[in-house]
Amino acid sequence: MKFLLQRIAFYLFTAWAAVTINFFIPRLIPGDPVQSLINKQQGNISTEAVHSLYVLFGLDKNASMLSQYKDYWIQIFHGDLGTSFTFFPAPVSQILTQSLPWTILLVGITTIVSFALGTGLGVLAGWRRGSWMDGLLPVTTFISSIPYFWLGLLAITLLAGAGSFFPSSGGYEPGLVPSWNGEFIGSAIQHSLLPALTILISSVSGWILSMRNMMVTVASEDYITVAHAKGLSERRVMVSYAARNALLPNVSGFALSLGFIVGGTLLVEIVFSYPGIGYNLFQAVGSKDYPLLQGIFLIITLSVLVANLLADVAYLLLDPRTRKEG
Amino acid sequence: MKPPVLEIKNFNVDYGLGDQAVQAVRDVTLTLHRGEVLGLAGESGSGKSTLAYGVTRLLPPPGVISGGSVIYHPPGGEPYDVMALSNSELRAFRWAETSIVFQGAMNSLNPVHKVSTQMLDVIRAHEPQLTQEARVARAKEMLKLVGISADRMDAYPHQLSGGMRQRVMIGMALVLEPQVVIMDEPTTALDVVMQRQILAQLVELRERLDFSVLFITHDLSLLVEFSDRIAIMYGGRIVEQAKSADLYKDSLHPYSEGLLKSFPALRGPRKELAGIPGSPPDLRGMPTGCAFHPRCPHAFDRCSTEIPVLGVPEARNDPNREVACWLPGRVPVG
Amino acid sequence: MSAPASTITAVTPGGPAAATAPAKRQRLRFVANGKAATGLVTLAFFCLIAIIGPWIAPFDPSKRSSDILQSPSGKHWFGTTHLGQDIFSQILVGTRGVMFVGLLAGIIATALSVLIGVSSGFLGGAADETLSALSNVFLVIPALPLIIIVASTIPGAGDLMVALVIGLTSWAWGARVLRAQTLSLRRRDYVEAARATGESTWRIITVEILPNLTAIIASGFVGTVIFAVMSEITLAFIGISTISEWNWGTILFWAQSQQALAQGAWWWFVPAGLAIAILGTALSLINFGIDEFVSPRLRSSGHTKVKTADGHTVKMRVGFTPVLSQNGKKDPVTPVVRKATDEAKGAA
Amino acid sequence: MTATETEPVTTGDVVLEADGLTKHFPVRRGLRDLFTKERKAVHAVDDIQLTLRRGRVTALVGESGSGKSTVARLMAQLYGRTAGDIRLHGETITVKGGRGFRAYCRQVQMIFQDPFASLNPVHTVRYHLTRALKIHGRAGKGSAELEQNLNALLLRVQLTPPERYLDKFPHELSGGQRQRVSIARALGANPEVLLADEPVSMLDVSIRLGVLNLLRDLKERLNLAILYITHDIASARYFADETLVMYAGRMVEGGDSETLTQNPAHPYTRLLIESAPDPDRLDRVGDAKDAPEDTAGGEPPSLIAPPTGCRFHPRCIHAMPKCSTELPPRFELPIVSGEGEHWAACWLYEEGAAK
Amino acid sequence: ACSNGDDSKNTAGTGGSTTTVLNVGMPNGPQTENHNPFLGSSAGASLGYRWMIFEPLVMINGIKPAEPGKPWLATEWKWDANFTKLSLTIRDGVKFSDGTPMTADDVAYSFQLRKDNEGLNTDAIPYGTITASGNKVDLTFTRSQFTNQNKVLTVFVVSKKQWSAISDPTKDILKNPIGTGPYTVKSFTPQTTTLTVRDSYWQDLPKIKELRYTSYNDNNAQTTALANGASEWSFVFVPNVKAVYQSKDEKNHKLFFPANLGIHGLWINTTRKPFDDPALRRAMDKVINRDDIFQQGEAGYFYPKVESVTGIPTPAGESFIAPEYKDKKHVVDVDGAKADLAAAGYKLEGDVLKDKTGKPVTITLTDPAGWSDYITDLEIIKDNLSTIGIKATVDKANQDAWFKKIDEGDFDAAMHWTNGGATPFDIYQNIMDGKILKPIGKGGVSGNYGRFNSPEATKALDEYANAADEAARTTALNTLQKIMVEQMPIIPTSASNVGGLYSTKNWSGWPSDADPYAPGQPTQQNALEIVLKLKPSGA
């Protein structure tokens, strides 16, 4: 419990720091969104329009940094992340609620599957060292070194050509209205297969490797020998003694990757034109949409924090020895 | 003398294979009798632990058993060779027939499982026919025997003190009432008060459950007090074995002699102790002949060329004691 | 008085020469490790290309030619772009930027993580609290989005800037690991002993503690380099960094913006992607080497199945020590007869 | 004999003294401070009285965790003390680091408990010893002189021939050899006081004896004052002139080694001596008569909330009501044989109490 | 094939003949629900469907801006002589989609909204008075609106009833847009907005029953959709358009990219030596290969070539070109350029051009890294310039930094666009107007980035904007053309476009080179005209 309190204090501090950084970064940026908008349209906005845009976005007023900072906090506590420039006048929170579920579902599920699969294979590879699984390690290493956006591009070319089952872009069939009906869900799943596969392939080997190495380390612990000495069945020793303990250090890695669900795989979303938050970030960066940028960054940071908190709790549950230091 | 339960014959253990191999245990023949405590002592690195792990085939890589047999005599059954068991037979044999207690109890207990889980695991693996209640009852009873109250069943290892953990391990070792318990320095990490308590409990239990103990330590004074018979190892071989009192009073091998002269006594006259000069041999470059000869005050030519064999010494024609030494009077009969 | 101790003489079989040999061997073991050696050689190759790439490139990578969008041929090994530029030359010339950013960012991040991690671990107290809070914050703040944001907002961000940004944002994990390790090292007796001998704090950190962290620092460095290379390529790929120089990411950026795959110009994508993957693999292999160098347990990883002199294969594994065949058993062993109940147990 | 030639010394002079030495380790807390008021601490050492004399060995025995190592580290000024005084040649000294610390450790050197942990695995024997010499300005001029000094140091701890050991890494040495390198390092400073923290606990009996004999030899040749910390009360009897017994952070008994081991007074000392394995004992382990004088199942007390009064009272078979409330002072005991003093902190020996 | 899903929906289940849906696509990423026609950031603007709901007073063909527009919601319009007054006659019988009739009040209100909200007055029209009476609306302006006349006439009309209830028209997302157009919003998702046809409309109802606007995340996705037929109409840059798009269905995949009156070109900083010398700029102009730029940089279609030396795109600006330049087209003439340079005192030593002071001529061409077409153009220009010994470097800049530098005049040369409008005036005003000239280092100019300082040009521009008659305008415009040709303040390369890629598989009646009745871009106002004209291909 005390441990948790301590962690919570840390989280609060980090959240504060992140929000503050978040506040300052866009304000140190040169250039402004109106110019960006003009740039983006390359001539479709006449120069007269510039002023009307400044007025529109409320950028014609000047307030001191401090009072802006204060307002920013007040807004955050009201759940108000400001108004997006690119999607003016849509509030940032609306854009985020629109794209977040896609990312969370696609990358979240994939990350969990990848972790589960990789850990499982890693357990086997570590347990039966020298077996064929172990021989695959160099291959796995190579695969994990391939940038996944590149893998995605290849996948699109090879698998998503005309006539293929796999759509090459989007989150669902154009024309469908998101709802909980079979057709929509089916379409969403169909659209998520290829990106999911890409993430899975390129991330699973990392889990295999780390789990394998942990297994190898744990397998030489005394309690494993004791478990063998006790005459327990092979599976019991492998699962309940070796894997169970080897899993612990991986939990924090898993949490970290859960946290990076939101921001970590933005390239996959870009490559597959997936309507998630990573793509939003890309857009926001491209068009200097500070409020959106801030909102996304905040969401990412908070999700990393939440994931870490979850990992801490998981650690508490999984490891009876409460750790003091990390 | 009681009948044997475990006969170790010409046992050899290597670390590594081929040219790289380190011969850690050489040609060890040793018999453990029913109900006795057999002490195994010797310098560190002399192969005591290797022998204990080898007998149960628990040596970690790169250890391999390169020869010999370990014949186990089940009560009322035909004896069989542990070395010839398949993995699944070995699993069934372990703990039910021979259990083992390692030096560090903290490391022997899985830190993430409750004591009860780890205990019940053993019972479930070996006696699947028992109901859960019966298993719990058995585990509780065993813990009580080693002086741990049943309410500590659900504690995690880190919540117990070192002594308690060691006792849990001993309790766990006895929970299936095996014939043989091997203990590798089970109390070295504890202080003397705790050590004595645990040993006292063990002795008491042995009387009730009638198992045999192979007790390994380098603390000779403890062994003399605690065991029925003592075997002394040096450089991977048994150099002497005898009843503990005999060995203490009248050791035959110069190494045993040196060992006994090395520990200061708490009582009796204060005397200067000489110790054993030199340092233990390197297993990769064993001296020729008797491994002890470079340090032996009585060494003569033969010692550096011929390896002495363990046997009943000529001088004391006592079948209960054996020694491996070329010194006059200690050369084995026959 | 003649203390008996004076009679103690060391018996060192094999003599000094044989005894000092292992030390040397240990230092070289890292290189002797097959994986690490492969990785090192590959890395060295890339470094070489980074240095001499622009000189050996057959064409000016930006030079247009009339060979527009050609597939690989003898003249253009990796084909050409929509402007007739030679992709092989682009790869060669682009290696420098990738290696520069990777190594520089790796060095910056490693230096920072050592500085912050070790001092926080060693100094303890308020300094530790502050520094570890700092690194925790940096750890939680997602690096890639931050890098994207920062890189996209700094005007004229060239390779140097990208390397700086990556370096400054990715030291936290290393610092945390180093701090934990330093904490445990600091409590080691030999550190206390050095202090008791009268060593200065500075010397304790640099001479007593740091050498023991070498492996962790090295693997952290390798990890950061991988991350930096990937980040840099990502930035270029999504068109955020302003790289006027060629690098693999720029190539991919052009390929992507010219929809190379839709045009069927696979050669525009494949070389850069493979180069990244190979560099990444090389770095991971080095990392393996380092890991095994540190952890003796991993060292024997390859050798679980061993052939004995007499042609048997022995599988070594924890819990079931192999019994070598006893050719010419000396004494006949009592025939093995298994207990009835044992059979039942074995089956269970 | 190089070290002691300059000043005439008399065996028995007090070199280092501790008075009322106390060390409490705060229990590590972070945010928790905000929620609980009282500060918890491990009472590792409380009110210790200790005198080290030239040419004499003082043994400190006691169970695991009773604070022996902490005392040694306090005396070496590696820990800051919570309370009390450390006097070197009669002068109170508190040093934290820098020059003062260097000057102090030139005179007071410590040998660490664990020979496997106290040498840096990445440095050679030569490095360790060279540093010890250089720091204390005893390296001499030029490399030839340094080499000579190194050899002398190794010879002094009987690591012969020195060339064979100089360039070895710690992992290439046996436990006993490492222990001797540690001793050599401590001697490199040419100290007057050697604080030897269980220098032999990890070693095997025969090697153990070698190290002890070596230390004794040094004591006699160099007129060192030695604090010898151990678990093994028999070795204290063998090696030390004077023995002190600690229990849960406090001294419970002290006196001439022979007297103390043959006539233990404090119930804890008696328990300790009775528990020590002794082959000459008539009854064997497990015999009914052998029940140890311990009522708490051998469990040591918590040092965060130590028992009030005498810290041993929960386990003491002789405990009286007074024991749980009042802290027993030192009571002088009659000397049975030989010289020296003998005292115990136990209400049993209060004037008039039934013995 | 890949469009299997679409086909079935496209054809409402029964078969190819009863096509009722048109799939429009834009590569603009996920949208938020926002149908506010005033906001450029709205989904309606970004995808273009706002023009299916909100109609203009007059429909003006963007590729023929000089032609009089088609009466739409206004049946008649009349400017006074100096273009400061406009009277409009409003069509009768037009109903909003909520059933209420559209009146002159609504029209007046639509102007009033723009006047009252600076943020909505995107063309910065200086409205004076706005009055409505009967079916007439009268407007006055504080300045001559000759150059803005089309902007005023194409203003779209909103419902006063709906908008007077909106508190802040700049922030409202207009969940239920009410307009006079033939379509209403059926459903919205971030990916797709679906419009459905109304029951009644003041003209013939369009044949397309449902319009489906899909926003693809990027050009790649849009291109793929176009190639496989999932998207039937779009505006996107497709590299190698023949292979990637047209060849996928030679018969039906068409593109129509007419120019409008705006251009792209290499802006040169006319304050930097030696580029302050018009002779040098003219020589540069002579060697630039616009064919390569068109074919390689713009994939052979995207930004049409500017052929006329005056920089006026054709055919849109054909009628404005001065007689002396009627047939003068850009041709690559390296020898001519060399001769001119030699005459102007430059020396070509080996392959290095030395200026009059003997310094080698070098130039840095800068554009943001992300704008791959411009960068490609620059690479070509760099190559071209090397033929006359000018060493050019292409510098890919950060977008913001670049913008700032352009704005403050801190650059050598860069590809940039100009404004566009109903006449070439907008182009020239943007390039040469001395009124917006700011010193180097000062920004906020929104034009004349090259710091072209020509009182003559400023005067001509002024005369054009305030001229009382057509003849005066022609004179002024001819002067401007002369300045352009002789001084070359920017080197024009391409025209702006208002094109589109479309498929004739299901629908026919698209504008084309043969029948350029409207620009081909789905986000232009004229898209409504196209949609009204489309008929099922089979039928």
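Odds and ends about this structure:
Which chain is which? They are A, B, C, D and E, in the order written, and residues in each are numbered from 1.
The criterion applied here is as follows: a residue touches a chain if its C-beta (ideal position, glycine included) is under 8 Å from a C-beta of that chain, and two chains touch if they have at least 3 such contacts.
If you want to know which protein each chain is, UniProt gives these names: A, C = ABC transporter permease; B, D = ABC transporter ATP-binding protein.
All values reported here derive from a predicted model rather than from experimental measurement.
Touching chain A (ABC transporter permease) and chain D together: B, C. Counting only chains that touch, the fewest steps needed to get from chain B to chain D is 1. The chain with its CA mean position farthest from that of chain D is E. In this structure, the chain pairs B-C and A-E differ in their number of contacting C-beta pairs, and the larger number is found at A-E.
Chain A (ABC transporter permease) and chain C (ABC transporter permease) have Cα centroids separated by 24 Å. Averaging Cα coordinates per chain places chain C (ABC transporter permease) and chain E 52 Å apart. Here the spacing of chain B and chain E, counted between their Cα centres, is 92 Å.
Across the assembly, chain D contributes 177, 209-210, 213 as residues in contact with two or more other chains.
Multi-chain contact residues of chain B, defined as those touching 2 or more other chains: 58, 60, 87, 90-93, 96, 126, 273-275, 279. Across the assembly, chain C (ABC transporter permease) contributes 4-5, 8-10, 12, 152-153, 155, 240, 256, 303-304, 317-320 as residues in contact with two or more other chains. Considering their complex, residues 62, 64, 68-69, 82-83, 152-157, 239-244, 253-254, 256-259, 262-264 of chain C (ABC transporter permease) touch chain E. Within the complex formed with chain D, the residues of chain B that make contact are 43-44, 147, 161, 163, 190-197, 199-200, 202-204, 207, 218-222, 224-226, 248, 258-259, 262-268, 270, 273-276, 279-280. On chain E, the positions that touch chain A (ABC transporter permease) within their shared complex are 1-2, 5-6, 9, 23, 25, 29-34, 36, 39-42, 118-124, 170-173, 187, 189-192, 194, 212, 214, 216-218, 220-221, 224-225, 227-228, 230, 248, 262, 264, 368, 370-371, 399-401, 403-404, 407, 417-421, 426, 430, 446-447, 496. Contacts from chain A (ABC transporter permease) toward chain B in the complex involve residues 220-223, 225-234, 236, 240-241, 244-245, 248, 318-321.
The touching residues of chain C (ABC transporter permease), counted against chain D in their complex, run 1, 3-6, 8-10, 12, 16, 19-20, 22-23, 188-201, 207-208, 211-212.
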